[in-house]
Amino acid sequence: TKERKATIAAAANLRYVLEEIKEQYLKDYPGADLQIIYGSSGTLTQQIINGAPFDLFMSADTKFPSKLEDRGMTSASAINYCYGRVAMWSSTLDLSQGLSAILLPEVKKIAIANPDNAPYGLNSINTLKRLNLYDKVSKRIVWGENINQTAQYTFSGNAEIGFIALSLALAPEMKNKGHYYVLPENICPPIAQAAVLINGWEKNGEASRFLDYIISSQCDHIWKKYGYGLAKKD
Amino acid sequence: MIYIDIEHKILTSEGSRILSVKTELPDNKFICISGPSGIGKTTLLKMIAGLIKPDWGIIQMGDCIFFDSLNNINISPQKRNIGFMFQDYALFPHMTVEENISFAQNKVKDKAWVDTLIKSYGLEALRKQKPNKLSGGQKQRTALARTLAKKADILLLDEPLSSVDSTMRIKLQNEILKTHADFGSTTLLVSHDQDEVNKMGQCVLQLGYDQIRSIKNY
Amino acid sequence: MIYIDIEHKILTSEGSRILSVKTELPDNKFICISGPSGIGKTTLLKMIAGLIKPDWGIIQMGDCIFFDSLNNINISPQKRNIGFMFQDYALFPHMTVEENISFAQNKVKDKAWVDTLIKSYGLEALRKQKPNKLSGGQKQRTALARTLAKKADILLLDEPLSSVDSTMRIKLQNEILKTHADFGSTTLLVSHDQDEVNKMGQCVLQLGYDQIRSIKNY
Amino acid sequence: MSEDFINTLWLTGKLATLSTCILLVIGLPVSYLLAYTHFKIKPLVEALICMPLVLPPTVLGYYLLIAFSPQNIWGSFLEKHFNIRLAFTFEGIIIASIIAGLPFMIQSLQTGFSSLPASYREVSYTLGKSKTTTFFKVLLPNIKPSLITGIALTFAHCIGEFGIVLMVGGNIPGETRIASIAIYDQVQALDYKTANQYSFILFLTSFILLTLIYSINKSFKIKTI
Amino acid sequence: MSEDFINTLWLTGKLATLSTCILLVIGLPVSYLLAYTHFKIKPLVEALICMPLVLPPTVLGYYLLIAFSPQNIWGSFLEKHFNIRLAFTFEGIIIASIIAGLPFMIQSLQTGFSSLPASYREVSYTLGKSKTTTFFKVLLPNIKPSLITGIALTFAHCIGEFGIVLMVGGNIPGETRIASIAIYDQVQALDYKTANQYSFILFLTSFILLTLIYSINKSFKIKTI
């Protein structure tokens, strides 16, 4: 099986989806050996730049894959494999009224991911700005280092409301523990997530086959189940 | 009057034995303690000072009970108003000779008395010296001066002159006696030098292996 | 023959001065060194041992030059084959009395000699005791026994008997002399006790403030 | 160097200095007790003090976050009675820093105290000095090398510590965004040039400060040992 | 407890034990020299030893990653001549752990050595003992409390350290995925139940080990101080 081994570096929030996809994949392609390593997209990118033995990189955005492309570390261009959707989450408040909930007086802290690093944060902020809400709440915002940390701020109750990935709100641990409101696509565009094959993957076809597999329609139901938008099929 | 009646288990060259001392010592007198090495002289002084807790017994100084094993009394060394000179000096390494000596005094410093001591004990030129730059005899003299600086009710001197030469020794014996005459503190001096004991002691407490504590009044 | 001609700046009670020693000492003899406290006796021994580097001069032991400031020779203490007894004992706290003494020997341990020393110096019952449980005199005797355990060419003893009582002192003086007679090591003994000096010294080196080093041959 | 970074550096300095001072105040009595009293469970207490080192900082930070949360007893108590919410405030990251730095300060001081000969205390007591006077005038001056090691290690660790602080602080500029977080941010964003610049400045400032701290040690040693 | 976690725990123990042993071997001579030689730039060297603490672990890890990278002189030298690539290997994370633990070990031992009286060495030298014998038979047994503090701090830190190791090691199961990273992963994945379980086990194991280490200290003290 050594010839059919692929090492995949994936953004941490893909864990639940990918484990399920991997299980299904191994049924369809018995004998494949997939090793999936989760980490923050930034850390994984630095490790790839410095020679990490990864075949496929599944980022949580499009910025890091294109940086790798710029450095000539990739053998094909990046492709979108799914879209992440932004959700507002709270454990105490009923969010049925939508975005205006952030103006409630009991909301003392609002957790948003650091827009410099996390596209979820950037899109959330842009939405708030567009709706002229940002200035009204900017003093109450706390910045999560990444989308997971933002979720932790919210789940632990230190922030009353958080702007997190829908996939996190649907994670097994968090289901039914609070209320969420999915930001409509027309006011908050979903986040494109791109994957890219890293130089050296060619030693066997497993990484490329897996990449094809995750964007195939066989996986659509899994992506949907975890709250992701589907990549456009060409 | 100092009343001592204690028993304490110690280990000597002859194996473990009970140090048992029962005696009454007069107030304001100069008392010399002597006995063979390892008999328990230092241990006795430390028990009076409150640094070692006897296994059993009573130590009483005038009306004040320092220690009573039956009634569970054990006054802390700080409250016994004593001056104790350690056999191995135990100078504070971070203080100069002068600082060591004046540290012994209470909040109201008697600078004149410190100066007198420094002069009498031949430490003038070493005032600003730290202990690690002193010779054996110089350390001993500093420790002695520090103990005397406090003007305590009871002075406990553990072989204060063992490391000084004979000329200096005679001079310092007289200095100590003079201090005793001036302030009248009850003084217990341990010495293994028979001449010294005979010269200085108004009373002599002889510790011996037969565990009989002989006391001679002069 | 030991040839010493050194100058070294030291600080004494009388202010800073030059310790200057120029003398020749016979081989295999028992030499006593005496002088007032702070004159530089310990410093002289430490210079011979190689623990203090003199400012200037020569120290020669037989054919072997220990120190020569002009030719920049300074043999390390390890190679001088000496035994040094510190005035403040400097016992190793993590070793028992017996371990301290036998540590002094080379790889070939002479267990019988260690036992003899422990017996002669009255340390039998304290063999397994750590130094922090010893009385002042017991520590001194252990340090002395440790120094003698090595059978060195030169023995440097810094006030080895200052803390023992007079009976014990006479006994131990004889023990030391006996060891000297048996092994013939050149021995330098510092003492401030004039009787001891007169009794033990085949030669006496008197250090004094007039900086004249008088040497008497008996 | 942007004004923003100067602010960040200032905040870092403030955090490290304050935490170190508070740790000194906590560490001195605790290490004194640990050094001079003997009780059966002492090794347990000593091991417990090391524990903040054993858990990964971000995980420890996560537990702190939970402890601070108004949904929990302690957090809601603070919120109700004092209107304090520790998460995302400077006070919160000070607490985090103190917990993270505890082992260094206490361990250093404790070895210092326990290597002093008992006679120092005994002499001082027989001279009628109280435990407090003895502590400040006799013991403390004699553990200066350990004190300096403790201060240096704690200070350096507070500067570099970022896992716990990042977690508890929420990266708020001017309030909880310290230099180590700023540098981490830039490395994450692959902005190596700025990250290198900032690291260099942080490195240099700390280096100079620590050299000064250690120089005190040196002059002390030459004087007395 | 899954087999996976037992493996991870085993790897963690191996890393911490090996790093601590290597640090002991490095730390003893270095701290000895620092304690007993006096040179002008000593405070600088001492400050330098603290520096791994000042930089945030992930940033330090990032610099190590660059140093190890085959694109750089040092990394390509290793690759060419020894066919070793340090990044993402167990050897690599050992080196990272050693660098991170350096300050704790050296600082602890150094205060130990410098608080010993000079006479111990002097006596040993006059007894004709070499510097090596003196070191092992006289000095080392007398700094036992510092030695134990150094070992405990270093060991605990190696267990909890994860920023550098994560960066350099890359979270590879069986090779570089140590317990602290596994726990971090679970917290990141919001799998708090498993994270809590693992933290608890890690905490307990370290706690027992450290208590044992400190118990040695205690029995030593009772015997000789």
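Details
Think of it as A, B, C, D and E in the order they're written, each chain with its own count starting at 1.
The definition used in the following text is that a contact is a pair of C-beta atoms (placed from the backbone, for glycine too) under 8 Å apart; a residue touches a chain by one contact, two chains touch by 3 or more.
Being a predicted model, the structure only gives us computed values, none of them experimental.
Common neighbours of chain B and chain D under the contact rule above are absent. Of the two chain pairs considered here, C-E and A-D, the higher C-beta contact count falls to A-D. Once the centre of each chain is set as its mean CA position, chain B and chain C turn out to be 29 Å apart. Note: centroid distance chain A to chain D, computed from Cα atoms, is 36 Å.
Mean C-alpha position of chain B lies 50 Å from that of chain E.
If you average the Cα atoms of chain A and of chain C, the two centres end up 80 Å apart.
Shared interface positions of chain B, defined as residues touching 2 or more other chains, are 88. Multi-chain contact residues of chain E (touching two or more other chains) are listed as 58, 62, 187, 225.
Among the residues of chain A, those touching two or more other chains are numbered 43, 46, 152.
Interface note: chains touch in the pairs A-D, A-E, B-C, B-D, C-E, D-E.
Against chain A, the residues of chain D that register as touching in their complex are 62, 65-66, 68-72, 75, 85, 87-88, 166-167, 170-172, 181, 184-185, 187-190. Residue ranges of chain A in contact with chain D, taken from their complex: 40, 42-43, 45-46, 64, 67, 91, 108-109, 111, 114, 116-117, 142-145, 149, 152-153, 156-159.
Contact residues of chain A toward chain E in the complex are 12-13, 15-16, 35, 37-39, 43, 46-47, 49-53, 148, 151-152, 155, 168, 171, 173-174.
Chain B contributes residues 49-51, 76-84, 86, 88, 90, 92-94, 103-104, 106, 130, 132, 146, 150, 152 to its touches with chain D in the complex. Chain E makes touch with chain C in their complex at residues 117, 119-120, 122-123, 125-130, 137-138, 141-142, 223-225.
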